[in-house]
Amino acid sequence: MSDTSRIELNITSNARSLPVVRSAVERMARLEGFGDADAHALVLAIDEALANVIEHGYGGAADQPIGIVLASVRSTDGRLGIEVSVRDQGRQVDPDSIVGRDLGEVRPGGLGVHIIRSVMDEVEYRQGEGGGMLLRMVKYVGSGGSTTDRPTTLSGS
Amino acid sequence: MSDTSRIELNITSNARSLPVVRSAVERMARLEGFGDADAHALVLAIDEALANVIEHGYGGAADQPIGIVLASVRSTDGRLGIEVSVRDQGRQVDPDSIVGRDLGEVRPGGLGVHIIRSVMDEVEYRQGEGGGMLLRMVKYVGSGGSTTDRPTTLSGS
Amino acid sequence: MADNQRTNNLVKEVRRTPEGTVVALTGDVDLHHSPALHAALVEVAGERPRRMILNLADVPYIDSSGVGTFVEVFRRVSAYKGKMVFCGLSSRVKSVFEITKLDKFFIICDTEEQALKA
Amino acid sequence: MADNQRTNNLVKEVRRTPEGTVVALTGDVDLHHSPALHAALVEVAGERPRRMILNLADVPYIDSSGVGTFVEVFRRVSAYKGKMVFCGLSSRVKSVFEITKLDKFFIICDTEEQALKA
């Protein structure tokens, strides 16, 4: 599977759409050559990103647009990867304010961003040009991964 | 799952994208309450429609746009269903020329349209306004279905 | 009604034993289902079982809203000195516990039998 | 190379016996894979086995390009008076044979053992 592929999904900000996106992402990851751990990690990160758009970008409103683009890419050292962009028209926030938290204490909240930053190789939040937020992230095959224990780059929130 | 949902997928006319669409469609069908036979039939019909766009609409070119919209609907008698539209920017043909064929003889070809018309409850081809073809089709839960033997409405080609 | 339906879809079984209450879940524990899951688990926690055992053998997927729900319920169960024990995690679900470092806080067993003695 | 890879991915095993040649396929037989499948089956048909047995036990999905491929190969096999026999169809795959009415033309068995005697 060497030629590149690109798929765009446009959903509304309804949590009911998430399983459909997960299925599409998982299948694409498999076709691109991702193994179990990498495919699961990618699916999880995208799901968390969408949940955050629904909850924080749109305050729970279920009928707002979210655009997801999945594209196969290659790392500079030749590894296969998938680049994901998630675009919303919701609340604009300072990208630097989107941080996970230290996990020294057991409490809910702040886990989504922690997960995204833990499993993805590149994560970049930006304000969208026509409003809303734009999240761009990349995962490469056999990198990072869900069970590694590398130090996170998060500041506590 | 009573509220309606809507998902849009934009792919290029590359057969490699088909499994991703199939996975998304199957998951959505399940969430909408489709059983095995109905979900399989819907997936098959959409896959055939996309294959036809790739082969006939675009003559095999792999980089052209195809838009797929999936929306939950209800029949007049209250059954759940999924409406699908498939839009391309390819060759425009007379909608009446898109027919399957009688299956009295074993030969390849002409099976895709036969399948689509057999398993879907509504099938309508139109020329798109900005060019290309537009296929609109609907499948309801527990109707038609892949193993029924109802007479087809096809004229031989 | 809609909520009830979601709960019923998610909680496959609640079984009360002297060692604790086993709650068997089914389906994806995601943003869509976590609110109903929270309500169901708070109800069980209200009965103050010695152990609250969550059997995830039939849970293919979980996200941060799911583990967040578990954390919140864990605080309630800990408050009355109960134990919260997990079993039946697939490697996929386990990895989410690991990424969020909750595998360090929760008791995780392979089987329900082990969980009832944990 | 790309084609070879696709063939290898799709054809799991080719086993020649006196009763016929068993070709075990794996993966989705769709528009993407049918050309490679056609090439592989034409090669086997060229050896003129008494029976060409297609084991689809590991084929989760098939579309009209797949059944069209089988039809085309069937004509070749019939031309030298060989038999083409299918086995291991899931109900999903079987339903595609039914919709296209090919279940009436092809010999379909449950198991490979039955197919070798069909």
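Each chain carries a letter (A, B, C and D) given by its place in the written order, and its residues are counted from 1.
Definition applied: a residue touches a chain if its C-beta (ideal position, glycine included) is under 8 Å from a C-beta of that chain, and two chains touch if they have at least 3 such contacts.
In this text the structure is predicted, and so the values were computed from the model without any measurement.
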Shared interface partners, meaning chains that touch chain B and chain D: none
Identity of the chain that, by mean CA position, is farthest from chain B: C
Euclidean distance of C-alpha centroids - chain A vs chain D, Å: 40
Separation of chain C from chain D, taking each centre as the mean of its C-alpha atoms, in whole Å: 46
Centre-to-centre distance between chain C and chain A (centres being mean Cα positions), rounded to whole Å: 25
Set of chain D residues in contact with two or more other chains: none
Multi-partner residues of chain B (each touching 2 or more other chains): 16, 19, 22
Every chain pair in contact, whichever chains are involved: A-B, A-C, B-D
Residues of chain D that touch chain B when the two form their complex: 28, 30-32, 61, 63-65, 67-69, 71-72, 74-75, 91-92, 95-96, 98-102, 105
In the complex with chain D, residue positions of chain B that touch it: 15-16, 18-19, 22, 36-37, 40-41, 43-44, 47-48, 51, 54-55, 103, 106-109, 111-112, 114-115, 118-119, 146-147
Sites on chain B touched by chain A in the complex: 1, 3, 5-12, 14, 16-17, 19-24, 26-28, 31, 62
